[in-house]
Amino acid sequence: MQLGMMGLGRMGANMVRRLMKDGHECVVYDVNPSAVGALASDGASGAQSLQEFIGKLSKPACVWLMLPAAITGKVVEEIAALLEPGDIIIDGGNSHYEDAVDIAARLSEKKISFVDVGTSGGVWGLERGYCLMIGGPDDAVRHLDPILASLAPGADNATSTQASTAERGYLHCGPSGAGHFVKMVHNGIEYGVMAAYAEGLNILRAANAGKEKRTIDAETSPLKHPQYFQFDIDLAAVSEVWRHGSVIDSWLLDLTAEALKKDADLNQFDGRVSDSGEGRWTLKAAIDTGVPAPILSSALFSRFTSQGQSAYADKLLSAMRFAFGGHAEKKPE
Amino acid sequence: MQLGMMGLGRMGANMVRRLMKDGHECVVYDVNPSAVGALASDGASGAQSLQEFIGKLSKPACVWLMLPAAITGKVVEEIAALLEPGDIIIDGGNSHYEDAVDIAARLSEKKISFVDVGTSGGVWGLERGYCLMIGGPDDAVRHLDPILASLAPGADNATSTQASTAERGYLHCGPSGAGHFVKMVHNGIEYGVMAAYAEGLNILRAANAGKEKRTIDAETSPLKHPQYFQFDIDLAAVSEVWRHGSVIDSWLLDLTAEALKKDADLNQFDGRVSDSGEGRWTLKAAIDTGVPAPILSSALFSRFTSQGQSAYADKLLSAMRFAFGGHAEKKPE
Amino acid sequence: MQLGMMGLGRMGANMVRRLMKDGHECVVYDVNPSAVGALASDGASGAQSLQEFIGKLSKPACVWLMLPAAITGKVVEEIAALLEPGDIIIDGGNSHYEDAVDIAARLSEKKISFVDVGTSGGVWGLERGYCLMIGGPDDAVRHLDPILASLAPGADNATSTQASTAERGYLHCGPSGAGHFVKMVHNGIEYGVMAAYAEGLNILRAANAGKEKRTIDAETSPLKHPQYFQFDIDLAAVSEVWRHGSVIDSWLLDLTAEALKKDADLNQFDGRVSDSGEGRWTLKAAIDTGVPAPILSSALFSRFTSQGQSAYADKLLSAMRFAFGGHAEKKPE
Amino acid sequence: MQLGMMGLGRMGANMVRRLMKDGHECVVYDVNPSAVGALASDGASGAQSLQEFIGKLSKPACVWLMLPAAITGKVVEEIAALLEPGDIIIDGGNSHYEDAVDIAARLSEKKISFVDVGTSGGVWGLERGYCLMIGGPDDAVRHLDPILASLAPGADNATSTQASTAERGYLHCGPSGAGHFVKMVHNGIEYGVMAAYAEGLNILRAANAGKEKRTIDAETSPLKHPQYFQFDIDLAAVSEVWRHGSVIDSWLLDLTAEALKKDADLNQFDGRVSDSGEGRWTLKAAIDTGVPAPILSSALFSRFTSQGQSAYADKLLSAMRFAFGGHAEKKPE
């Protein structure tokens, strides 16, 4: 079937390619004309303007957006102004699910359907398929089934004989907002799982701490038993062995092992870890509903700290220590 | 080759079965005679006493222990008294790596080799193979290679063409203690990953909080926007869909999806979560080496709390609130 | 000067008493007539209805609200409908600062001033004075100065010779919302400080753990060195000694020591710790602004857990442990 | 009475001064002769060597050590070799309480008493008195009472009429190790309380985040409601006002307010926060006894992170994000 895709970054462009590979017709648009050109040369029908983009769509028009959360709301308004009753807008980006609830209510007054599709899979989705978490009205979701089935990994990847859509990698989770809600929590979990591996490997890396000489002063905690920290652990090999039969085998571990094989020191990275919003919203939902989330919050806050946001709090601690104990800050060794 | 196995619980017994399936000869012993009998009827050579057990082993004797951490040290002493120079003791249990360092040093004086093997795989290891993290002297580890290769998942499970032992599921991580150190951190990570899923699913479960009526008083935080919490999420279906193409696909998620399919309310469980020591030791190693581990510690402390260990701290908070604000405790609704 | 007070719970009633003691004239109202009666017999002018209440106020009318956050917004609307340009509404409750921003904007169109006053001091405020954090337009705050100065602890309590209002216990923190924002963070800190004491005292209480007998099985982490946990600490005496010269001397510690002197086992309490919203909003502000708050979030989440909200997450952990390792849950000893 | 003090840093030297002010006779020693000279010119009896130091003490010799934890054990051995049955060694430093348990056992064979005195008060102790937490044999602690009473704040500071030693600022907490155990937990709490203030003030500082322009891309979480973050909070004034009548009034807040008055930007500090061991040991005790300590651990781990110890974990997170999503790290703005 035909789909209009707006937002041709890494995610959007690859989704178009996966759809075309499966025989779907794609109309594409992006504010960056070269992104449109690249897909047009792969067989998509490119548009130079929003008007042209919408104009090329047969009815009911199905418009899929893959945009940064900060602008999605505004673009939805612009597109809705060009659509007619019966048309469908799909937001596949990392938008806040609350916006999906609000937007769907507004659009339903115009008889335009709004479908929120949480989309996981990253740059691997082209080949591996995307895991899709879907919220919205039944009929619109049903209408989109051919598209959703093509984007999702499909039955080959499923281990169960029973072939619900969940086992083929896509799931209608509930009314508008439910898709983004589930994707939001998915990302919250993702932050936590990533941080668990990162902390553990960081501890393994320090397993040779007993080989270092340690300053002796009142500001340095002594290492009582250096004999227990004499291991030079090969992190690439360890992350590889964990992939085979261990309890913590996972796709994130696969990627980690591969990255460590290339360079176990990870010199390419500075360690400034971004967050895209979903982790924040997950915590806010936890707070609103009174659900404890100490792991997911620690993972988010570690990212904030990596962005330099604890600097003032740290200075305050130094100021207090100086005030009560006359402790001067130690310089890095 | 021949191996003596002592400790025939879930783990030990299955390991013997996996080894025998691969043609190895197993001598087995346990303080519980019926555990010995069960394996004897499967083809193992059973022993009724420690002396008989050791007496049945050809030289160099290879004795593998799968025992609770609390008694391993004592049993190693007893066995070492019955062994000769050149013999090998393997500890495959969840022992503290520091003990491995100390025991190995003591046994090396008697020319007995001590090999610590962190063993992951649980009840699935029989069929799926065990992930083995190994510490100890080179020659002893090399001598045990046929056993280790049989216990590990093997090459079929590996995705790489290069067939290091890591890719076949076992790895010599370093000198004595290194195996248990790596396994310890593995379990630390395991706690963190498990907690990330558990928190996320708990948040999803609360996605219908807006449907409940909320008390209005100064002790109850209002839910400002109930309209955003109207979702009844099918946790079994969601955990299933995440297995297909999502970033958080993992073996623990496979098991979780299966458990939720059986009973999404998990009525079989009370939620009292044990810990076996490894998570504690991971944190102590992090503390000793000054490595931050907020996720792994939160995961461990959540288990302590599930065991009822925050009760007094919680009473103290209520006592303070009563003291400064006259706040009486609310009763469960 | 004259003040109208609506909401005569513990906080509101005591504030009226403190104001009358300092010579101010108070008009009081509450939906509960007996609360009105009690203050009327102490010299306040009581009202039986909102209309009568507003009618008794001289111009410009100054109405102070001490109500649960969940109903404050609605009551402000009702009162505003009865007021005239130049009148002032003060919200001294634990309302969300965002509401103050919104309400102030709406009321300013009617030329009614809205002042948000974060009020700390609890049941001790009557005698000790209230710490007041104030947001709102300059002229309204200035007009209220006699009231604010009387409610605050005053100069006696200040150690500095320079007598800014901060040193007398009240502070105009900024435009509308700033008062509740500062009070919100105050409470966030309060949760963290309380939890730090509670955790520490809970650890002290476990200092005799080495005296207990411990089960030996694979589900119980062994206590390696029981000889280091043989202390029966007198928590009442310890919290008392810390009040004299230690770094952690504080008013919350004063209250804790007093509570422990009465009953160190705190049998009066169940350990179900409420939260009133401010801790939640503090975290949401931290999340919105990307500021790490691991301590404040842990403190909040511990309260959620004490309310039983981790139950499902805990069951999930047990379900996973059973699935991968066949671990059955341990029962309480 | 007479006391020998070894270790004349900030703490030791001030304690000697406080004792001399109260009429006690002090013999002092330090490896740094100028530290000895400074106190000698204030009236202490200085020694040039350990031998001379011990030789100057009348019997029973009472030797108080104020040394870094890393060397205390070694020095105790040296001193014990010069002492006789009936003499007393006091360790007032931040040593691990486990060492006190072990040392006391060893010294008791020689009939030398070992007393561990956790000492809080910092540079203010000279004037304000030290809070003393004492472990050790009854007779030795009783013998030291005049010294302990002089070092402690004394009755003036106590609010209760009942004058137990706790109310005068010193407490015999139990057998050897109990003093350091209680002091250890005191410092654990201190870390938590400090971090609670630091986090809260850091959030207040970000209350103007809505005034900044925000990048719009998929790597930046949007700030949905900038209108709620328009406050420029005066942190010095806020920390001052909290000192007057608020629930979070404390001595640490007094010091914080003073530091912020001098320079609210704290430019003097880099934010590298040391830890001296006690916070680590508190957590280890919590872990050993199965007591949840999420706040105290978060506070400790934040310090580790401030020391640069999360760098590798952060790089791992960036590596994973790049691997699954092609996300390049953002540079600081």
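First chain written, first letter: the chains are A, B, C and D, and each begins at residue 1.
Operating definition for what follows: a contact is a pair of C-beta atoms (placed from the backbone, for glycine too) under 8 Å apart; a residue touches a chain by one contact, two chains touch by 3 or more.
Computed from a predicted structure; not experimentally measured.
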| item | value |
| --- | --- |
| Chain at maximum distance from chain D, centres defined as averaged CA atoms | A |
| Of C-D and A-D, pair with higher C-beta contact tally | C-D |
| Where chain B and chain D are represented by their mean Cα positions, the distance between them in whole Å | 37 |
| CA centroid of chain A to CA centroid of chain D, Å | 42 |
| For chain C paired with chain D, centre-to-centre distance based on mean C-alpha positions, whole Å | 29 |
| For chain D, residues contacting two or more additional chains | 122, 195, 197, 199, 201-202, 221, 224, 247, 251-252, 280, 288, 290-294, 298, 301-302, 305, 309-310, 313, 324-325 |
| Residues on chain D engaged by chain B in the complex (per definition of touch) | 247, 280, 283-284, 287-288, 290-294, 297-298, 300-302, 304-305, 307, 309-310, 313, 324-325 |
| Residues of chain D touching chain A in the complex | 9-10, 68-71, 93-94, 96, 122-124, 194-195, 197-199, 201-202, 205, 214, 216-222, 224, 251-252, 255-256, 258-260, 266, 268-277, 280, 294, 298, 302-303, 305-306, 308-327, 329-332 |
| Residue ranges of chain D in contact with chain C within the complex | 97-98, 101, 120-122, 125, 128-133, 152-153, 157-160, 164-171, 173-175, 177-178, 181-182, 185-186, 188-193, 195-197, 199-204, 206-207, 209, 221, 223-225, 227-234, 237-238, 240-254, 282, 285-286, 288-296, 298-299, 301-302 |
